Structure formats: structure tokens, C-alpha cells
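The data blocks that follow each hold one structure.
What follows is subunit A paired twice: with subunit B in the first complex and subunit C in the second.
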Partner chain A sequence: MKSFTTQMAWRNVWRNPRRSVLTMASVAFAGLILIFMLSWQFGSYDTMINSAVSIHTGHLQVQAEGYHDKRRIGQVVERPDAVAKVVERTKGVDTYTTRASAFSLVSSEDRTYAALVVGIDPEREPAVSTLESLVRKGSFLAPDDGYQALIGRLLARNLKVDVGDEIVLLGQGRDGSIAASAVRVKGVFESGQDEFDRSTVQIPMAAFQEVYAMRGGVHELVVVCESLDSVPAVKQRLASTLPGVEKGLVVLDWKELMPGLVQSIQMDLISGFIFYVILILVVAFSILNTFLMAIFERKKEFGVLLALGSTPGRISRMILAECGVMTGLGIAAGVVLGAAVTLYFEAHGIAFSGAEEILRQFGLPERMYPELSLLSATVGAGVVLLITSFAVIYPALRVLRLRPVDAISTIQ
Partner chain B sequence: METQSIVSLSDVTKTYRQGRVQITALDGVSLEVPQGDFLALAGPSGSGKTTLLNLIGGLDRADSGSIRLNGNDLGAMSESELAGMRLEQVGFVFQSYNLIPVLSAEENVEYVMLLQGVAARERREKARAILDDVGLEGMYDRRPAELSGGQQQRVAVARAVVSGPSIVLADEPTANLDSATGRALMDMMRSMNEAKGVTFVFSTHDRMVMDYAGRLIRIRDGRVAGDERREGEAES
Partner chain C sequence: MHTLMAWRNIWRNPRRTLVILTAVVIGVWSMIFLGALMRGLTNQYLEIGISTLTGHIQVHHQDFRSDPVIQNRIDRPGRVAEALEPLLPPGSHWTERIRVNAIANTARHAQGVTLVGIDPEREARVSFIGGAVKEGNYLEPDDPYGILVGKALAEDFETRLDRRVVLMSLGVDGKVASRAFRIRGIFRAETEATEKQYMFVTMAAARDMLGLERGVTEAAVLLPSHELTGKTAEALERRLPTPPLAVQTWRDLLPLVRVTIELYDTFIFLWFLVVFIAMAFGIVNTLLMAVFERVREFGLLKALGMRPRGIVQGVLTESFFLLLLGTAAGNALGVLSVNLLAESGIDLSALAGRLAEVGMRRVGYPQLQAGGFRLANVVVFVLGIVVSLYPAVKAARFTPVEALAHT
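The block that comes next holds the complex of A and B.
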């Protein structure tokens, strides 16, 4: 019985092949767009997060409680070596480094600017951030460099200094004393993010400790996890083990460290969502139109089926089966095409020629890649299936209200 | 011996509203149709023939009066009970064939049996046998569009009688056929009536078709204007 109804539904779908193909094409197109766009969004979010994480924050940071908000130099991780040992042993951690920072005045012979002076571990930093690869002039810091510095390109330009020149750092030490020292520019870096390049000086951690009287303390223990997905679990593990090493520490993840990035992703998701809703509604109306037309055209036929003893419910089920065939084929085509297009661009990427400057400001590369996942391949298709199923309910209900005598006499 | 009535109508009225105008399609019709009748409802267009067939077949409901089919009061039945009654007890033949275009001749005939829950093999055997009976051997797989009007109407008759209904209602079955094809169809229906005792009630305003009828009821302005038993029907 079921196969007969399905067979009838299949044949009915092909009664008006042009209309059916157009309807299926609209479903397939929606599926394709949804799969590609969702993959694109998810891929670009990963790129944005990884870029931001690799330049700035890492996936997680261990800090003294309150440091993230107040940035006081005295809010430190007192025993970074002990904390580092715990971090190193924690499952899911890939690598880590330590940083300390202080707002200071940076002076050259002619000019003075405010900047963030960051003490980094020259050995560990390259494994955590892309800083080493951003050095455009001179070279990256070495552990035994002493009083040498990396300086952002725009800050170097503002201070009118170059590799080999001397700059003076003037700030406040952890103990409240004046921190002052001269350092020599060893390299100039360029991240493309103007704010970062305009206001950052990096010096070896050993030098930072001396200049700012840190007494072994650091401000951040920056952790990179094995993957973005493992961040919550690692955070939880660290949060539970760190109190045993040192009190008053917190573990912050990249979302807490970069709330602006999270908000921009949320904004993008919302605007994408609005676009998808419009797209799906257009497809739903296409399906609705197809089936209302079918019912209008086949009213007499339905009347005959009712006269022969068929129930309205059976006819409604046939309509639903026809919808299932059409949307099923459309979605299958959409998934195949969407996955193929996405995989192609996943391999080749899409270059944003002319927008490199803007993208750099956000730490993004000029070529970006969608990322096909089970979620991006199925969620759009699932929603299209759901909405089109809703769209066909109205025509199916209209069939339920058909009276055989009215239906038959429509044309007779 | 008195023959049992399959259909019994008592003082049936039916009115339609067409815009602001009330049209009386049937006005106090009473009628008995015994088993085995080969009955023609004759009358001009708009006289109420189709309305009467629709009421007997449970496709529509009377405003007043009672209609009984095999003793069951159709007015007291729900829509789903009427659908069940149509499925089990009534066969329909329509003026414009009304076969399901996506089904083959055999599948069209099978459809009613499918609804009745008859097993696939039995359906197929019965459908082919009845198609053979109506002269459509070897045309089982043809779709309606691949059949002539006469052949389509034969399939429609086969569909109407295949499951052994109590009564077959045919609304102007020859209206779309040429006279030779119409005559052949009437011959076929009459032979089914004679050989298998199938009760036929058909509407017509064609003199040739009336000549086939064993009983002729004339309908005029929604009333029974005449009811005559006939002998020596048309020769094929």
C-alpha cells in the first residue's frame, strides 16, 4: 500500500516536470547557499579567533584575579614556574609562555609616546604567538639579548627610530619605584593592526623583571590548547588544579579576554540568520505555490479519488509524499552541490583583493577559507526540510476539507 | 418473488444556492431501485439527474427526505462512513472518464481494490481479468493518455465493477463518445448487467442510450415525471 502511494507521488511529481524541477532547484539552491554560507561563517570565525589568539591572547590566560580589568602592575602571578609546571602537565595544553606588561612612556631622541611595554620569553613566545614572523626589520629577540627591544612599525615611525637606535622606557615598577631604562631596537614588527603596531614594545622577560622590579612575578601565563574545541575542558582542569599551587589566580578563556571579538561574531551570526530566514521563506513560498497550484489543477482528480472511496487523509498523505520527494531530491542536490562548492573553496580559498588593509586591521589574512563540517552541511538542509514540510501543511489541510461532489463538479 | 431494493429514496429534496438565487435541483423525489435494474435517468440538462446520482452515491447530502442504500440511511452516516460505503458498495463511471492520469489501465482498475486492502496478486489477477472482459487485453500498462475515449471509458467501467459493488452509477457515460463507441459501451454494460446481475443506474439524454435501459425514469424540473419498465431494448 505504501509503495503504491509513494509510486503515485513519484509519478505526480513528474506530471509537470518543469515546475517540479524549478521547485527542486530552488530548494537545492537554498541548500547550497546555506551550506556554503554556514561553512564560510564558521571557517571565518575560526580564522578570526585563531588570528586573534595567535597575536594576542592565546586560548587561555592564567592571571591574578582582577588584573584583566584593572591592569595594575602589582597584580601578578607570584610563582610562574610552579604554575607553568601545572599547566604543562594539564591534558589538552599544547604550549604556554609568560608575559608581563606595563604602560610606560617610550622616548627617542626627539619624541615621546605612551606604549605598552611587554616582557616576553624569547624562547617560548614563538610557539605561542606569531610575533616572530611579524618582524619586518632586524631580528627577533634571543634569551640573552638583555636590554634590547622589538618595536611596532608605526611606533618606530612616530619615534623616528630604526633598528640599532636607542629608546628610553619610563614607567612605574611593581614596588612603586620609577622604572627607567634604555633599550636598543633589535627589530621592527608589523602585524597590520595599527593599534598594536603603534603602541607596543617587546623586551626580554629578564630585562622586564629588572626594569620593573617584578620580583619574579608575571602578569599572564598564556596557554595554547591543542584545539579550539578543547579550551573549555582545559580551562576547567586548570581552574580546579591551580588553587593548590597559588591562591588568587583566575583562568580566562579567549572569549573573556576578547569580548569584542565574541560580539562581532554574534553580530555576524545574527545578520546571517536574518539572511537565511529570508532565503528559507522564499523557498517555502515556492513550495507552497507549487502545491497550491497542484491542488487547484487536480481538484477534480482528488474528487474522483474521494468518490472511489479514498479518504481525504490518504490524499493528504500523498501530497505530503510528493512534497517529501521534491524537497528530498532538492535537498540532496543542494547538499551535494553545496559540499562540492565548499570543498573547492576550502582547498583554494577566496582572495579579497583590495581589502587586505581592512582585513589586516582585524588580524585576518587576505585569503580566507570556508570550513565544511557536519553541522554546516546538515543544519541548513534540516531547516529547509523542516520549513518546507510546514509549507505543505496548508495545501494538505485544504485537501482534508474537500467535498467530493464539489471537487468533481469543479470542471464537469 | 419480490426483488429487494438496493436503493430507496423517499421524498428527497435538494436545493443549491447559486449567488443569490436558490435552485431546486430535486423536489420530493421518491424512488426504489431493485437489484439487477438497468435503469436510465433521462431528462434535459439541469433536470436533476446528476444531483440524484450524487445523492444515491453518497457524494452529496439531501436537504430533506431519506436515502437508503442496502438499507443504510445515508443521511445518518458520517463523511468517513460515506467514504467506506462508496468504497464497498458503489461503483462510479463519470462522463469524462476521470481516470487517474499517472496510473496505467491496470493500476486504475486496481486502485479501488487497493483501498479495500485486497492483496497485490489478487488485485492484479482481477484487474487483468476484468480488462480482458471489457476488451482491453494487452493494454494493461497503457496510461489514460495512450487510450482512446472509448477505451478509457471501458477502463472506467472496469474500475467501477471490479470489486463487485451493489450498484454502479454512471453519469452520462456515453456523452463524450461517438455513437458506435457509445453503443459498444452500452452493450458491454448491459451484458454485465445480464450476466453478473450488476445493478446499473445511468443518466442520459441520448435516445440511443435510453433504448438500452430496462427501466426509464424521466426527470423534469427535479421531479420524477415518468417511470416505465421497458422490454425489447436496443439491438447492438
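The block that comes next holds the complex of A and C.
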């Protein structure tokens, strides 16, 4: 059974349905916008992280300490097989692959460019990265390919080479010797990220280790976990077991590997919040008027209630309940509408015509999908509730100051 | 008459008017201020892009952009100068460069870089490098072996002033040309990427290294304002032999910057609409309250012979005053806060760490722009009046009899 106060409050809300509905609508609007926008933001972060993780870094990498900063060819994981065994047995690890890389000169018949030559494991790489699916011409590497290479589309264009042509790699081996070799272009890949497509050549790990005198070492052991959420746990497990296999190794997660990505996400999140807070402030002041009116119109009524023996606290609670019902219903409607709009776009996507270029550089597809989650729904609703409740508190406190005699004699 | 009555009417309940004004003021202020902040950020992004060896207009050999090698060069730069100089609006600067891909080597390190041969004096007026050297000295015009390297690259290479760097690139004869340079200066740039990408030598040194007698790979023009770009580029295109030469503006050369600016513009407009809708609920509700309180009054006015149009006009005038006061105060606050922060800027690094790595500056300087200003005010005013039609028409519909019976 509803208490008497709430029952009165509920009836009071519907004494002026038009005004109440408008008030609730403005709260609902704020809720709708917030839930949609947050779902949008979180969805795009997920896409950005997943695409960066799957093209570049994986969830975790095992590297020699200092390799991430200095990138010296001599900073290697000496016993990749032993490390891989430990990684494979670690709980939460989905799969792994090894990579090694060396900055080199890449020459075709009449052009020379600088590029990063990456040794990959042709068998394991497709499970870790999307590289195989990015091959646009020719085909992906096979384990027994020997001296063949995949090359980025822009680099291929700059070098004026195509599938089947020969390119020469010239760099420095692990032992300081000159590393030189001719490789045949087997495939051309295109990630859409210009920097990557302009400056990368992939060759099989066996060939890489031979050319660059790696003596069995690799630079990175790239680990993919079962999910993004399991990364911290896996990282901790690996950090405790690895020193038993090989000294001087570190485990870096994708945040440490791509600090720029994390920063742009933080930046976006924070600027988003500034916008949301301002939006809700506008809404709060819009509804404050309704709440205030609900009191000043009814001074006389409150005066009578007070004279009849109702305590100011009780009236204040009734006001709180009235305003609470309106914001509560508004937020509920906002959540429902926000979820509906978000789900619609989650199914259909939103196309950004004209912005494909910029989206591709961040590894985002041209059609984007917001992602409704418990988090985006609750954060959105929570923020609206928090700020609008300030608009509720003032009128409720104001009522406490009413004096029965003055209130009754108010002329309306 | 209407005006005076409307003005008095909105002050019959000052508290209510002040509350709704606050909502309008916050809304308008946020439109102006956040609009200016975002405009400031995109402008900065554009300025950095333009000063990082782009300029407003560039002239190249038509194949240079897809195949940036010394073979695709402007063979007779004198013709470009002839065509360009009479066209330039006062306050413009221009320079010529040789820009090629190269590999930089020290004893222990090697990396791909962009080698830029410059005319030090003219270059300083066009791009960032003139004021960017923080250690050592800028290049002398005839320095045959001096080179400027970026701070981040120097750190990567573990090298410093007066050390040697060997550069290799494709020469005019199609063979690898190399030359040793001595670090004369270390420069800082807005982004680490720029510091790692570019190395500067004198034009003479670059020509000598590549085996080039004359000719440059590009001419870059810096105009006194962005708006002059399109017109000047078109005029230049008519006066130059195109092909083999090609004229490009920053819009072609910096597609990412262009798209970012367009995206921000769209976002700002949507943001204006969203804030306005939030405000509109409050405006409508407040006016409705004001109207319903005065049912008897409207009935009386009608009984006395006022036409519905007059009532609509009266209510709209009230809304007009509300909007006028709200936008005036919002604009004033907006301009004030922008001016306060335009000098010192807002340090965004506190929010997100080292932004320089992402290619953004740490400090945002809000910048007022007539366009954004106008848009905000037009959105609020026009749409504000439009939504006020609802309560106004409501007020005009009361018939005298039912209104006077209303208690």
C-alpha cells in the first residue's frame, strides 16, 4: 500500500498533466541523448581498440625490457619456443604469434624507400591479426615460402612494384653485419591506415631470422586473450611465470603499447562529459521552474495543510515525492527511448559519408554502430538523475520555510 | 502598447523569469564558448598543418604526389616565380623547396626521413622551422654541410649538436646518393611525428647531394588569410603550364584536416540543436504556465474586443523578450569567458596526459568566429519564437465566456 504522502504526490503530479508531461519529456530527452551518445562513444572505442589490437599490437606482448622504447634489433626474446610454451599454458590466453622487425631500405628497380621489415609466422599470424584478410592482390604467405614478401599498397605504389616483382631489402643484422636479401612480392595488403600501408613489408619469420642473423630470437611474442576484460589477469599471470623461463622480459598490454590511442579515448570521453553536463544543466533549469511553480501556486494549499496539523517535513517529503516521480518517470522514458533509438542504429548503423578517410585512419569502418550496454544506460541515467536531483532539493527545502498564516493569506 | 505590456508581463513573476533565463543563458553561453573552443582547436590543427611545410598553395610536378622522387621535379622554377609573383596579395610569402625521401644514418641507428632542402631566409617566413630551432643555430644560406634535426629524432638516435648524420637518397641519375651532414641545430615541433620526420639542409646542399643543377620539387605559398586560397590557386592555375605542373591547395594536401573541420562543424550544429531542444521544453513550459495563470485576463481582453492575433502577438513578444535577455546575457558571458581564456588558453594536458603524441596541442585557445556566433543566435531566436507559437495560440483560443468562468 502506498503511503498517504506518495498517493497525494502521485495525484498532484497529474493535476496539471500538460505541464508534468512537458517536464518529464525534457528529462527524457536528456536521458535519450546521453544514452545514445554514450553507447555511441563506447561502441566506437571498442571498434577502435579492437581494430588497433587486431592489426597492430595484440592484447599483450612479451618483449625484451626496453625494446618498446628503443627498438634496437639486439633487444630480443632469446628463446621464443620456451616462452611460447609458457604463454600457451597460461589461463585466459587464446592464441599467440611471434614477430620480429628491422628498419631497412627497400629498393625496387628504380626506387628506394625506407620501411619496417617485419618477420611473421605465416601459420600463426592469421589467428592473431587481420593481416591475412587485408591482402588485396596476390596471396598471404605460406610457411614454406622462403624469400617472399607481403607489401603495403602505398609502398608498392611508391616502389612501382606489383605481385611477382622482386625487391631488395638492405638493413643491419643483429650482429651488426649488413643484412641484404632479395625477396619476391607475393601479396599487396591495404589496411586503410596510410602510415602502415606506406611503410611495412612482411616476410616469413624463417627468412627474417636468416637475413637479420637473429640466431633464433624474436622481438615480440604477441598474445591474444580470450577477451579484452581478461587482459589484466593474463598479464599478471605471465609477469609472474616468465622470469622462470627467461630473464629480462616484460609483458606490455595494449594500453602501454599504444598510449596515443588511450589518450585520444580519454580526451574524447572527457570532452563528451563536459557537453553532457552542460546539456543537463540546461534541462535542470528548465524543470526547476515546474518544480518551483508546483510550490508557489499552491502556497495557500500548503498553508491549509499546515494549519490542519501537517508538519513542514511531511509537505517537504510530498514535494520531494512529486518531483521525484516526475524525474523518475522522465528518466525511465529516456532510458527506454534511448535504448530503442540505440538498438535501431545498432542494427542499421550510421553512415558517415565524406568522413570515410578520417575514420579509416583510426581503423574505423565507414558505417558505425553504437553499442548499447548496461554501462552506457546506467551512466547516462545516473548523470541525469544526479544533476536533476539538485533541481528537486531547492523547492523541497523552500517549503520548510512556509508559515501557515502567511501562506493561507497569499492571494493568487 | 504590446511591447510595454509584454515587458511588464514577464516581470510579474520575476523568479520564474530568472530561472528560465538562467537556462537560456547557460545554453547560449555553452553554444558560444564550446563552439569557440572547438573552433580554436580545429583552427590550431589547421595552422599546425599549414605551417608544417604545407602552406596554403603548393605547385608540384603533376606526378610528384603519387611518386615523390627527384625525377618528378619542377625543372624551371623561374616560370613559377614569374607566374606567381604578380598574383600574390600583399602580405603573402612563398618559397621553393627540394623535398625527397631519405634514410638517415648514424653509427648505430638508421631511419627513414623526409629531407628538405630550403632557402633558409624565405623558408622562415613560410613554415614553422624559422622559429623552431631550440638548440644550436638556424641554417646559414650557404651552409654546405649543416643540417637541422628534430628533438625526438635526436633522442632516438642518441645524438646531439655537432655530431654527424649521413643521409642517403635517390639522386638525379637514379643511383643512391649520400652525403654526410653536421647537426647545426635541433628543432622542436608541435608533434613528435614532425620532429621525427623532417630534416632540413640548405637548397645548395640538397642540390649538390642529389646531383641537381637547378630545379626544385615544390613551391609553397603562405597567404595572409585562408579565404584567399581558392581564388589565388585558380588564378595561378591559369597562368602556369598545367600539366606538367599541378597546383594544389591545403584542402587537397591535408585531407584529414579538411574532413576533421567539416566533422566538427556538423557536430557543433547538432550540439546547438540538442541544447536548444533542452531549452525549448523549459521555454514552452514557462510560457504555458504564464498563459494559464492569466486565462481570465485573456478572456477579458477578448471580451473587450482584442483579436486573437493580438493575443498571439502579445505572448510572442513576451517570448521575444525572454529570448532577447537570455541571448544577450549568454552572448556577453560567452564573449567574456572566451576573451578571458583566449590569451592563456585552457590546459587540456591535465585532462589527458601527453596529448602531443596524438598530434594535438596541449593548450586549447578558444576563438570566436562570426559564423558560429551568428548560428547560435539564429538557432535560439528563430526556433525559440517558433516553439512559443504553441502557448501563444493556446492563449488566443480561450473564448471569453469560458475564460471568464475560469477560477
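As a convention for this text, the second predicted complex is superposed on the first by the 409 of 412 C-alpha atoms of A that agree within 3 Å, B and C clash if a C-alpha of one lies under 4 Å from a C-alpha of the other, contacts with A are read in each partner's own complex, and residues count from 1 in each chain.
Everything that follows uses one rule, which is that a contact is a pair of C-beta atoms (placed from the backbone, for glycine too) under 8 Å apart; a residue touches a chain by one contact, two chains touch by 3 or more.
Because the structure is predicted, anything quoted here is derived from the model rather than measured.
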Open item on the list: Contact-wise, after the overlay, does A:290 reach subunit B, subunit C, both or neither (first, second, both, neither)?
Closed with: second
- [ ] Would you check which partner chain A:349 touches, where first means subunit B only, second means subunit C only, and both and neither mean what they say?
- [x] neither
Open item on the list: Quick one: is A:309 in contact with subunit B, with subunit C, with both, or with neither? Answer first, second, both or neither.
Closed with: first
Task: Touched subunit A residues, subunit B compared with subunit C - done: C
Open item on the list: In the overlaid three-chain picture, which partner chain does A:22 touch, first (subunit B) or second (subunit C), both, or neither?
Closed with: second
Open item on the list: Just to be sure I read the superposition right, which of the two partners does A:4 touch: subunit B = first, subunit C = second, or both, or neither?
Closed with: first
Task: Which superposed partner A:126 touches (first subunit B, second subunit C, both, neither) - done: neither
TODO: Would you mind writing out the residues of subunit B in touch with subunit A in their complex?
DONE: 50, 54, 57, 59-60, 80, 83-84, 86-88, 92, 94-96, 98, 100-103, 107, 111-112, 114-117, 159
- [ ] Name, in rising order, each residue of subunit C that touches subunit A in their complex.
- [x] 15-16, 19-20, 22-23, 26-27, 30, 34, 66-69, 101-103, 110-113, 168-170, 174, 176, 255-256, 259-260, 262-263, 271, 274-275, 277-279, 281-286, 288-289, 348, 351-355, 357-358, 360
Open item on the list: Which residues of subunit A touch subunit C once you look at their complex with the stated criterion?
Closed with: 18-19, 22-23, 25-26, 29-30, 33, 103, 105, 110-115, 157-158, 160, 171-172, 199, 259-260, 263-264, 266-267, 270, 274-275, 278-279, 281-283, 285-290, 292-293, 296, 352, 354-355, 357-358, 361
Task: Residues of subunit A that touch subunit B when the two form their complex - done: 1, 4, 8, 11-12, 15, 300-301, 304-311, 314, 403-405, 408-409, 411-412
